[in-house]
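Before any comments, here is the structure.
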Amino acid sequence: MKPVCLVIGAGAGIGGTVGKRFAREGYHAVLCRRTDQAGLAKLVEEIEREGGSASGFLMNAVAENTIEQRVAQVEADIGPIEIAIYNLGAQIGNRTLSETSAKAFEMGWRLGTLGLFRLAKSVCGPMVERGGGTLIVTSATAAVRGNAGQHSHAAAMGGRRLLCQTLNAELSPRNIHVAHVVVDGSVDAPDTLGKMLGPERFQALRETKGAEDGLMLPERIADTYCHIAQQHRSVWTHELDLRSFSDLPWWNH
Amino acid sequence: MKPVCLVIGAGAGIGGTVGKRFAREGYHAVLCRRTDQAGLAKLVEEIEREGGSASGFLMNAVAENTIEQRVAQVEADIGPIEIAIYNLGAQIGNRTLSETSAKAFEMGWRLGTLGLFRLAKSVCGPMVERGGGTLIVTSATAAVRGNAGQHSHAAAMGGRRLLCQTLNAELSPRNIHVAHVVVDGSVDAPDTLGKMLGPERFQALRETKGAEDGLMLPERIADTYCHIAQQHRSVWTHELDLRSFSDLPWWNH
Amino acid sequence: MKPVCLVIGAGAGIGGTVGKRFAREGYHAVLCRRTDQAGLAKLVEEIEREGGSASGFLMNAVAENTIEQRVAQVEADIGPIEIAIYNLGAQIGNRTLSETSAKAFEMGWRLGTLGLFRLAKSVCGPMVERGGGTLIVTSATAAVRGNAGQHSHAAAMGGRRLLCQTLNAELSPRNIHVAHVVVDGSVDAPDTLGKMLGPERFQALRETKGAEDGLMLPERIADTYCHIAQQHRSVWTHELDLRSFSDLPWWNH
Amino acid sequence: MKPVCLVIGAGAGIGGTVGKRFAREGYHAVLCRRTDQAGLAKLVEEIEREGGSASGFLMNAVAENTIEQRVAQVEADIGPIEIAIYNLGAQIGNRTLSETSAKAFEMGWRLGTLGLFRLAKSVCGPMVERGGGTLIVTSATAAVRGNAGQHSHAAAMGGRRLLCQTLNAELSPRNIHVAHVVVDGSVDAPDTLGKMLGPERFQALRETKGAEDGLMLPERIADTYCHIAQQHRSVWTHELDLRSFSDLPWWNH
């Protein structure tokens, strides 16, 4: 029985690519995403064609008990979750305060903060019992500073970052590696950036900025996730940032 | 008609004391708290006895529409809210991940993050229309770093801090001063610290640590809130920390 | 004998204005600056005309023993230094790495970091012996993040900020209030901004940005320095930021 | 001709180990350290025995022109420096302000801040001309916060960190990867921790804390340096922290 790498938010960007990468490293990838059964099936197929193993599940992470049940089912039927990746974004674009509904604000929190809490509650118990594990959390610039129009996103991601620090304080001594990855730039991802921009603008961006490595490549982000998971426990990284060489860090302008 | 200083979370610690202080500065203090009608009445009375004016309302800030209706009613019946103080805490003491229920986590967010969003949405529209205002947010060490047992609190306050930065980005150019005050220590407050410790341990702490100014005095915290509200708009402070001279800052140990 | 407020870097911007303000609060202001005897004399005169008392000294703060001797002389001849203000800037404008000489880099450190260390070493001993004091350090955006062209300045101010935290860790429990003030914007100061821009561009800026409170007013910065010095020791602020309502904070763009 | 990895501060801890690791990756390691010709020769020998290539030089990094000349000589005689590692520490243990001499404070800056500036000035010109390179800077907890007794060290490392951010702002768009590595714990290094503790206490620590991975292993730190150097330029990390799973992060206590 292979150890499992569970990915919450396994679209055709960071999540799916990271899952594929860990499959190559010998894990059974369990890929969860909200929609697009066809995309999910294709991803599983690609992994299997490479000789890896994977399962895909459609799952609405904000609905009650979905994360909890999925974790329990995977632990029971597939294998021990050694690596969990929380990769749900909560970006809704820039909106003024008056344009940001309480509903949108709550949805940001459910995706950005609560879902991670639910995943950690579900998966860290078994990890502690087995003596260890890895929890890698994809995060964003909005986790380190609020900016105009980011009322929902920054509140959600700011909560996510400090939740990671709290999880780390409790779980690191129990041999669970919690890492918070600040993705500080645009990712070359059709399911997120692509949908935000629309196919034409996204393609144009790939051909200009992307052609010069200005878009962050999911395959190369996966290299770093993989490195984090392989770090020796005497030298764990809790937080790191990632951005293209040609992009300004969030603290510069 | 006096301008109004609205305090959400006006117990016998920072909130009530700040309200009393702004009443002394010429504002009508509108004091809102969840429970203790008698304590609220006493506070209003004290303000009036000093020659100030105040109103007190019991209000459950996490219930639907309460903050929104209170703001609307105050604006309609009492006067323009020039200063709003968000002073609700969300500390529930240290709990491990497994001891922290999803319900407690959600309550932390409702008090720590969502309530501020709702207040800002309600009160900043009228402020912008009138050309300005002040929003001071009491915050905590947990807003700048997660620590063991603070899953709910740190997630809520980390969200609060970045929400303040986002509000500031939008509202500061519209002449609304948003300030995030990091209270990094124990406050000499019977309604919060007092209840957490119980009357005897609280009294003992006052007589030891407190006797040497090791407990933060609400009256003196109010001095700084008052200074923030009076800062000229060419030199606004967005964030400051407060702690006793004898306490270690959060970044030291 | 009046208590003394010593200002290192007392030009016609923050330094001189803060000195004047503390003179109004009852301190004897000792004003030190590198050049401009006439400007210094005028400042002393203005203070005396208002009924205050002050002394002015030309002093090259980077030369050996100057700060040390001045502190000793003031303590011996004028009065106990209760408040010390370190207000020397080290901004030399943006220069690329190759344009930044080792000499300029060292000068940045001497003004930005070492001078504060020398002041603290000189003045904090007597303060501790007398049971307390206040050390307020004017700082800059470059103390919290490096930016293009700021090789010398950011290294110097980053050192300054962490030196302040170290001083605070040792001195706060001994009743010395150490405060680090992040001035995050352009100050309406003829001796610094004025010299950098030249008289015509400076005047033009005052008439546009300044006319709408977009330049930070030294008199109003002095309000906050004064508040810091008056904070009760149960609620000291170690760090705060200051910027115009219309300016973007350093973390936004 | 092999590309060169230059290590400034190549003792028997992080520096030497990282050099050895890059030699394994195909670089010619140029190892510079202040003293211990025998240790240096042994390190070169070990690398050569493994089939790698290396040179060792004794060098006093704080003396004038030493870094500059070494870089020029390496570029002229050995090969292009593609990776430069700045690994000089400046820790002198905890000393009160009065125990910290101006000389010690200056030495901290020379090792902690100026040396990095001199290395960057020397090596980044050639790197830019060749179209890229990597500069990895070993740093410490003292780079992110001042603590009691760290007057010299925190000022030096705080300057180092913001210098790294400034270098990054200028050099990252020119294809030079600047990374600041916060080593937040005790490293299992005989040349630094070993000398600070003395052989007996060091050995005892290795047998207790070290036996349970509580001391950071230089070989495993080298894994992360290696990963940083291999990151694709669309996803560069500028800052990350490293600590043992069993150690508290600096922001917790």
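Just a few scattered comments:
Each chain carries a letter (A, B, C and D) given by its place in the written order, and its residues are counted from 1.
By our rule, contacts are C-beta pairs under 8 Å (C-beta built on N, C-alpha and C of every residue); 3 or more make two chains touch, one makes a residue touch a chain.
Note that this is a predicted model, so its numbers are computed, not measured.
Seen from the C-alpha centroid of subunit C, the farthest chain centroid is that of A. Subunit A maps onto subunit D through a rotation of 180 degrees [Cα fit, steps of 5, range 0 to 180]. At the subunit A-subunit B interface, residue numbers used by both copies make up over half of all numbers present, so the two copies contact each other through mostly the same positions.
Chain centres here are Cα means. That of subunit B falls 32 Å from that of subunit C. Centre to centre, using the average C-alpha position, subunit A and subunit C are separated by 45 Å. Annotation for subunit C: residues touching 2 or more other chains are 145, 147-148, 165, 168-169, 248, 251-252. Looking at the complex, you find that subunit A touches subunit D at residues 165, 168-169, 172-173, 175, 177, 188, 213-217, 220-221, 223-224, 227, 230-246, 248-249, 251-252. Every residue of subunit A that touches subunit C in the complex is listed here, in rising order: 144-145, 147-148, 248, 250-253.
Within the complex formed with subunit B, the residues of subunit A that make contact are 96-98, 100, 102, 105-106, 109, 113-114, 117-118, 120-121, 124-125, 142-143, 145-151, 154-171.
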